[in-house]
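Have a look at these structures, which come just after this line.
Presented sequentially are two complexes of chain A, the first with chain B as partner and the second with chain C.
Take a look at the complex of A and B:
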């Protein structure tokens, strides 16, 4: 018995050890730090301090607002884009090229791409030049240091996630179902509303949750594009760890953010759940 | 009464390759038609043109007198049972069946009522709340049928609807399908590659090959009087004999063993068709038949009958005999194959 069980246990031990070392242990360290004083005494003081401080609530509000808007814009742009790639493009090389174009930025650093947007969105950047050239605005618009600038940067970085998730879901919808729907008298719009959209909804939700979590926890892009004028929650955490060196308070902030994000995602998941799971 | 479906000069190409050529077909109300042919013969393409998923390059399709050739599928007054059923996985069985009436603008209560009736008709009353994935293949097939008949179309298209079922279940569903068709009086256009299925179910068979209609007729008529070599070969078993046209106009088969007088036979290459059951194999010649001296080269028992291979000169004939007629026949023995010339048909096509 033990002779056959042993190799199995050994095989399982490796991923388990990996999981503990890289996910569970850091999480535990942060959680324990958030519940102790610098001297190691158990305390809830850090959490009480966060609850009492309205500044933190303002920053949280800004963070989640940017996260929600980023998710919304990503969905509004990403769904049609995924539709285009999966349903409209018939020529395979062009589709492949589009997907590569979409995925390749994921291989480059966030920092590089955010700096790129700083250049593009600056007073004399390409975006302002273009808008002035088209006569849409007279004076250069402020992007850097505004929520709009951060939004543009985050949408750009997170869009591939939603396109890939939705595209995958759309590709899995059996074309025979659309034929059946049309055969039973549904117009193309009716077929989309009653068949294709509901069947792609799980993919859309998965993509949206991913985008939302990455948007609220993003640090590099908001930090670079905010120009120091806007603070999101991850910056507060970063300050505590890197400047103030208060790991306990930083830990409490991290856990607060984690719990709130998961709660929001759970609520969104419950709301969008189909009638029958 | 005008036909429910009238197809005139229909042609369809795929990238220059003809998929359908000059199709002419008329279906009467309440008829059960089988579109029969080997895979790639164009039967499914024809069905898709009728349903509206493909647009033909030439020809017209009329439904109940109205030209629907250019109409999108959702404007055509017919319904389809798809090969793999294409049930909506996110809807309950009742919602699947009520989908058609709902899209036609029927109120929800009324649509639900009609769905329940259709489900009862196919023997699935009480299954409405389940999801398609919770049903067996045979049950899914019934749901697909209920969904397709709930709107009471005058024409129902069925795209190999039984091909995913096992043999025993298929036989059962065949007779149920026929009963339902009879009860509703809906014309069925049924695509199949199974000649036995076509023979047992259909009022008329439309036999297709290489994008063309080879023959239209009742199953037993096509069997008895095949119009082409393909029809003779595809429906039932047949001995296909090469035909030589002599200079005096008469025909010679089996290297001159059989001579047929000059007749108003079609021009071009001909094939002689002789059904295996029309050959009597005996030790002595039988009166009033043409007796061909043969050698018995093989005897295969197939339960209800035996298949006997006979060598005539350089050719082989197959005869079908009742087991009782086998007495005294053994492999290698000389015998006589007794045929009636009236059973031998000349049809166009190269043997």
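Take a look at the complex of A and C:
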């Protein structure tokens, strides 16, 4: 294979070196820092401190609960919306408009989108005004600083991911399969359950995993919508690096978060593998 | 019945997607000194105030410069890597492509913290280059992901023909390969640019009062004060995003959700 070695080296040397220098090395530094004391002695103390502190368990529980709820709501809203865009909309300009509407938020900073919700969800915001106007509530509800507020903001930010993933999968389903299924006497619901849904499942799982990852590691949206009342895991990491300056402990928190999210994603990936009949 | 339910959920979801953007653009036009929606009166004064504030202008410039520089570097690094991955079989090929793609699934706060810690050890902190390297790492996957599928096997015979006719590898790249991957490269570069332009989580570790990007400046500001200037800054970024997307739709086409024609 000496014939391929030279061109491969020429092509890959720079990108590989760049990633070693500015991605792998920094991650290694964090890993090493998480396993050493400030004086450089090896220790597991930081991890033991995370394990022993019930506060961390609470924060992790809140973080993963918000992540799971966000994913669930995104799936429940995103699947019908993807279905609507791919299957129901017939007028192409309207679908183009909808796709643009779906993508514009993706191209706007989390900060701007969360700020929009800060304005909407405030005591005198449009949402409270609307709910009072409809007679659903009597006094303004508190959204900011509640998990519901964070959930609304995160679902907003992550919904496009799941719609695009499911929509792509649905658009690829061969219409001939449905015709065959109908010809063979299946009801539309039966066709959906046995043919279309299983074929869209990989897209749905990929989208859901993406949403979960991003929800669990989100920093900006929870920081803005929590009003300092709710702490999620990424805030703990940020505190260590920006105000406490304990890089060793911060490193252990970072690695913990990384391992937990990657583990959950791996489990989800295993579960979503197409089952062989 | 089911179809009616799907429609209701979809209309509600579309309204939900539009709402914050409409509200921010609307509120940025208010004549009141506090955020009001619907706006009371219409004025562009807050946009004027923003453009008259040198710190906003400089943050906009830094964000743009950073995104442009990061996109260029990312393209220059990702395209050769993509060619190597697509055209050659070598030891460590899988590892290379997985490593280059992994920033996509890495929490940005973790990477930002890592770069700050590592940067302080090698003297690369709170400077434009420090911001740049981080942005390149997180946006390279976008370029790679868009270019790789377009490097198909059947292009290889064209490349070999070009080489047989005496073209040097670089000539073959520019005349044969590049035209065939251009659309992927353009869309990948646009996504990369945007990912850099809107980033907060990574930048926030390496910005200072003077050297700050527009999303980080907004983030720091919004936590203390809310006034229509912020809505104007947000409104401007929403309008830029909408324009870029409409242009994308008109050039490469965003109609990704159409059913395949029979």
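Please note the rule applied: the second predicted complex is superposed on the first by the 262 of 277 C-alpha atoms of A that agree within 3 Å, B and C clash if a C-alpha of one lies under 4 Å from a C-alpha of the other, contacts with A are read in each partner's own complex, and residues count from 1 in each chain.
Heads up, the rule we're going with is that contacts are C-beta pairs under 8 Å (C-beta built on N, C-alpha and C of every residue); 3 or more make two chains touch, one makes a residue touch a chain.
Being a predicted model, the structure only gives us computed values, none of them experimental.
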{"item": "Contacts of A:130 with chain B and chain C, given as first, second, both or neither", "value": "neither"}
{"item": "Contacts of A:108 with chain B and chain C, given as first, second, both or neither", "value": "second"}
{"item": "First (chain B), second (chain C), both or neither touched by A:258", "value": "second"}
{"item": "Chain B versus chain C as contact partner of A:250, first or second or both or neither", "value": "second"}
{"item": "First (chain B), second (chain C), both or neither touched by A:242", "value": "second"}
{"item": "Which of chain B and chain C A:40 touches, first, second, both or neither", "value": "neither"}
{"item": "First (chain B), second (chain C), both or neither touched by A:269", "value": "neither"}
{"item": "Which partner, chain B or chain C, touches more chain A residues", "value": "C"}
{"item": "Chain B and chain C contact sites that coincide on chain A, given as residue numbers", "value": "174, 176"}
{"item": "Residues of chain A that touch chain B when the two form their complex", "value": "174, 176-177, 179-187, 190, 194-195, 198-199, 274, 276"}
{"item": "For the chain C and chain A complex, residues of the former touching the latter", "value": "2-3, 5-7, 9-10, 12-14, 16-21, 23-24, 27, 35, 37, 77-78, 80-81, 83-84, 88-90, 96, 99-100, 102-103, 105-119, 121, 133-134, 136-137, 140, 169, 194, 197-201, 204-205, 214-215, 218-219, 222-223, 226, 230-231, 234, 237-238, 241-242, 244-246, 249, 254-260, 262"}
{"item": "Chain C contact footprint on chain A (complex, rising order)", "value": "1, 4-5, 7-8, 10-12, 14-16, 18-19, 21-27, 29-30, 33, 77-78, 80-88, 92, 95-96, 98-113, 115-120, 126, 156, 159-160, 164, 167-168, 170-172, 174-176, 189, 213, 216-217, 219-220, 223-224, 234, 237-238, 240-242, 247, 250-251, 254, 257-258, 261-262, 265"}
{"item": "Chain A-facing residues of chain B, complex", "value": "51-53, 72-74, 79-80, 82-84, 86-90, 92, 99-100, 103-104, 131, 147-148, 151"}
